[in-house]
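Quick one: this structure, given as structure tokens, is what I'll be asking you about.
Labels A, B, C and D are assigned to the chains in the order they are written; within every chain, residues are numbered from 1.
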Amino acid sequence: MPSPYDTLIRTPNPYQPRSARIVRITPLVKDNVLFQFRFEDEEFSREFSYKPGQFVELSIFGVGECPISISSSPTRKGFLELCVRRAGRVTNALYQLKENDLVGIRGPYGNGFPVAAMENKNLLLIAGGLGMAPIRSLLNYALDNRSDFHDVILMYGARDPGEVLFRNELETIRHRDDIKCLLTVDEASSEWDGYTGVVTELFKEVKLDAAATYAAVCGPPIVYKFVLKELLAQGFSKNHILMSLERKMKCGVGKCGHCSIGYKYTCIDGPIFTYWDAMNLRELI
Amino acid sequence: MKVLTLSKKNATPFFEALKSFGKTYGPVEKGEKAYSFQPVESFSQLALDYKRTILPLKKFFYKPCQPVFHFNKDSGYQPAEEDLEEKIVLFGVHPCDINALNILDLVNSGPYVDNYYFVKRQNNLIIGISCMPDELCFCRSMSTDFAETGFDLFLSDIGDSYVVRVGTGIGDDMVNAVPDLFSPIDEESSRAYKDSSNERSAMFQRYIELSDLPEIMDLEFHSELWEKLGERCLACGSCSMICPTCNCYNIIDKLNLDQKTGERIRQWDSCLFKDFAEVSGGHNFRSKRASRVQQRYLHKQQGFVEQYGRPSCVGCGRCTMVCPAKIDIVEILHTIRGERNHRRRKSDRRR
Amino acid sequence: MAKPKVGIYGLTSCAGDQLVLVNCEDELLDIVGALDLKSFVMGQSINDECELDIALVEGVVANQHDKETLEDIRSRSALLIALGTCAVWGGVPASKNEVSRAEFQKAVYGTETTGHEELITPLPLSHFVPVDFRISGCPIEKEELVGSIASLLHGDIPVLTNIPVCTECKMAENICQMVDLNNICLGPVTLAGCQARCPGHNRPCVGCRGPIEEANFASEYTLLLEKGFTSSEVINRMRIFAYPCEGLQAQVEKIENE
Amino acid sequence: MSETLSVNPLCLVEGHGRIEVELDQGRIKKLELNLIEGSRFFEALVKGHSYNEVHHISCRICAICSSVHQLSALNAIEDALGVKVSPQTELLRELLILGGNIESHSLHLFCLAIPDILGYPSAAALAEDHLEVAKLGLGLKKLGNEVQELTAGRAIHSSNTTVGGFGRLPAVAELKEIKAKLEKGLDDGLAALKFLSTLEFPRYASSESVFIALNPPAGKFGFKGPTILTSTGKEFDIHDYRKVCNEKVVRYSHAKQSLFEGKPFMVGSLARVALLGDRLDGVGADAMKMLNLSPPYDNIIANNPAQAVELAYSLERSLAIVNELIEKINLAEPLPEIKVRAGQGTGAYEAPRGSLYHHYELDENGLVTGADIVTPTAQNAANLEKDLRAVVENSIQSKSTEIEHFMAVTARAYDPCISCSVHLIQR
């Protein structure tokens, strides 16, 4: 007689890291590096698909695991890019590795951006600092599926020009006419030809049709604080404001409890939340 | 459901017959009024009048500290082998603990299945036993004083014999292994069962009212009660360890001296600990002890309800029993609800 | 990678933590083989006091000589690791720090002088020099030492247990010394890692591994008083291993002000 | 012409020490043994603490002797409170002491003395050429620790010992496990003896010593006894330990030195073997023969083979105790009832390095009002100075580096435990 648990124990082990090799290491700005990985198992690599806004758990042998947003777009297959800031043990250990070294990766996890619902709408992408990492995935996804969306606007703020992530890429995009790419820094230097000031200043540069727009916001708490205020003032529905939340995580699959906020687990119910959901979670940002 | 009776005289031969189904564990006395599920060789070793064991049954499904992967820098992560063959029989499990396992089943299934848990789960056979509540039990309020599913056999004590409910096909196999020991249920047993059930109902001393509790917890989010509890709580983690439904864990990688191989270990964790929600750089989403104590109650009595439609508490009374700071969940909920004279209320709520 | 240059030192102490290293009989030859052990006075007769990658230092600073030794080690070492409760918290030698050393000296040696020793009220290493990492325990646990060495060799800062003794005690399903037996048990305020060894042997935890982060001494104190222990019984127990620690000092002060 | 010699630091010992010598025209002008461990004032530290906390504090004097410090402290407290421990507790305590001896003697022999005698700077260096010997030694050392862990809960600073007995008794299955290990250990011990019998232990000087050791009852060899025996033919009750070790403060050292009848004396393995060796039977007696241990015991380096004899004895005796426990251990035996009262008591054991005395005074609440602890290294200090003098005088023609080496080897032969030597007298 088959036990009721039979199918359960035969499902794939959700904690199993897959070996992946570092293909390329691209320093972006100080203590922020873009790592490109390829899974060792080619078949797995081909089948690995994800949504912008999802994340993976990255393992370094003998050191541990940590969650990192996927920075590449699912439209570009065969590799995976993670933009990692050096913050502690695991990220430090990653920085010690060289091209061709092995790591473990499992995922993708999290809900990701609701890209289907966002189709045929305007996209307003707002990033602050490292928040650009997941936003880049959505940005490239939108550019690669450009006809699915109406206007695409990127607002990205960094502390100073030396902290602007993916600057080369963004410079190229700036010259495209199917996207409005607005970059700002808090403190400009002489070579900076973008805007100066906080990211909310950029709202002056665009006309928004709130009802027909999804806003995707990612950045440090201070960015949320001011951007949310501005979006609400512009008449955005709380359900059209999407934000990526960060919480301590261990398992990434809704079991270990570390990321729980109220009745939600950031790892499976998020990390992308509508502002409405996030508001109700009490512990917000 | 098939229902039989087993005379207590036949309990020993029945117990012996169970050995062919796996290694038998049951409640044994560990110290004065302290019990633990341990390997048991004979029926007489069992302390079947126990109230609650120190650790609940989760210890059989998640070890407090268990390797989940072995790794080798050249070949990657290999899942730690689980022994698929070793069957164990848990004899003498109370309804609250059975219901707690049903809750853990929920948590461990869903879109991501924790196979480690279910491998162990599938290798367990559960024989429940009825119990009488003591001054800490409030399972009746949590609707966990009776197990509807989650056991292979359930024995209800009716004096000289047990009424035996057969819950699964394997339970039926157990009965059929020694069919002569069982008799069909008769009117007398049925009456005795109802009498003892009524007697038991009258014995509950503690109640909490569940209706609109999540709502009230929300209203009391800023109650000063949490601050007071935060001062008293030692953050010793005991309540999480002994809770039959607390399942938070930490993951730790251990590297061997050879710098190449090692283990990934999973260890029980508690939301009461300072670093539970602390992220790198030192930001802590719950830096105050008060907010951590609150989290434990909010998650169990509010968050879990919204997620799974019921609280993740089975009213076993363990946390009240072990808390060195005498923090008492029932009292907390009464305070939150603003109830007075709660001991006299006997709202006997079932789903 | 080249073998890290390591020094193992003992200041004023019982040498227990160095002995734990020597007690890693199964791993000892591997450990020693993986290190470039420059100095270990207790374990080898040829020692070179040079620049070090890692210094493991046991014991408290109890006299001028200790202080100078420690400062010298610090100036030569990239990483300085405090080994054991004495080095981390002050341990038994610091358990009566409110009494001046001169008074002790007079009590023990009478008026006769004992020569060169310039006594200092015993304090943990971090009181004198920056400490990069702490391995607590009286003595430290073998497993934590070996694990830490593995991490250090790998270039990582080790991670050690950060949970209270009660947690490990419950994991081991012991009878509770405090709740069931009404003993003074320091498990709730003490750093685990010992697998709750004492309660596991039916003995209350005496706090030998030093306090857990954010130890709630105030609540522990109140609870024990509620059980009928006197203030001095409780404080005497709490002071044995980590008297200089801030949380405990604050509690002692609070009691004195009452 | 004046010259100075110095051994600084004295390596391969526990704690901090150095030897300083000033020579003038080939004569010793000054010879000082400095035990420069920082003062910790244990006797002052235990004051005010409850009778059931004392052993936790006192054992922190020294890690390698921690078990024997604990048991001496417990014996003293039990003496003061009039607590009688059961024969089973006595047996388990003896086993603990034996475990400590196995560990300590193997550590000293294989990690410190043998490498030293064979000219290696450390056990690790010895292992490069003699892996088997190193492994043999480490294996025995581990076994000693395992015996201590079984009885005491951990090898250093026991968590299981308490006033009246033990918190937890070893399960029969655990005893059987250790029995198997001890059986193998005994074989290893014999192999170790064989190896040791091939070594030539140096003699740098002949120097006669007064030997002192505890006198086990019933004409047995052992590490505990109600009286103290001296090689001058005297016997004292342990309560009169002060008559044996009159201490004086030495200006240049933190330890006090002891004199018996105005003379330095020696405690430790060599003293025990010299005084009680003829009581040995079994492998202990065989070991004496194999290692040619016989009077006169005037070469202190012979303390090393004497330790080997005790190592063999301890292995054999441990096995006998474990066998006895497997037969009749009563796991339900309760701890004796303790009635707190005022009083004073003395406890004594033979530590690996020699006799150890603890003495406490308690008030009516069981709080310590006075303490006195006399450690073996403190007792040996004067004798060691005497031996060092003899070595220097005997080898005055040698190169100074050689003399320094001879002194270091001689000092190490005592297996000094400098942490221990820190004294804490005051009544």
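As a working rule, contacts are C-beta pairs under 8 Å (C-beta built on N, C-alpha and C of every residue); 3 or more make two chains touch, one makes a residue touch a chain.
Please read these numbers as outputs of a predicted model, since none were measured by experiment.
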| item | value |
| --- | --- |
| A-B or C-D, whichever has more C-beta pairs in contact | C-D |
| Taking each chain's C-alpha mean as its centre, the one farthest from subunit D | A |
| For subunit A paired with subunit B, centre-to-centre distance based on mean C-alpha positions, whole Å | 38 |
| Interchain centroid distance [CA atoms averaged], subunit C/subunit D, Å | 25 |
| Between subunit B and subunit C, centroid-to-centroid distance (C-alpha), Å | 37 |
| Distance from the mean Cα position of subunit C to that of subunit A, given in whole angstrom | 43 |
| Residue list for subunit D, restricted to those that touch at least two other chains | none |
| Residues within subunit C bordering two or more other chains | 150-151, 154, 159 |
| Residues of subunit B whose C-beta touches two or more other chains | 252, 254-255, 259, 262, 269 |
| Topology of the chain contact graph, where touching chains are joined (line, ring, star, complete, other) | other |
| Subunit B-touching residues of subunit C, taken from the complex the two chains share | 27, 30-31, 34, 146-147, 149-151, 153-154, 159, 162-164, 166-167, 169-176, 178-180, 185, 187-189, 212-214, 216, 218-220, 223 |
| Parts of subunit D lying in touch with subunit C, wherever the complex brings them together | 9, 11-16, 36-45, 48-50, 53, 56-57, 60-64, 66, 107, 111, 116, 121-125, 127, 134, 138-139, 141-142, 145, 153-157, 159-160, 162, 166-168, 249-254, 256, 408, 419, 423-426 |
| Subunit B contact footprint on subunit A (complex, rising order) | 1, 3, 5-6, 8-11, 13-19, 40, 59, 61-65, 87-88, 91, 102, 104, 246-248, 250-251, 253-258, 260-264, 268, 282-283 |
| Interfacial residue positions of subunit A with respect to subunit C in the complex | 62-64, 89, 92-93, 96 |
| Footprint of subunit A on subunit B - complex, ascending | 68-69, 71, 73-77, 79, 107-115, 118-119, 121-122, 169-170, 221, 247-255, 259-260, 262, 269, 271, 276-281, 285-286, 295, 298-299, 302-307 |
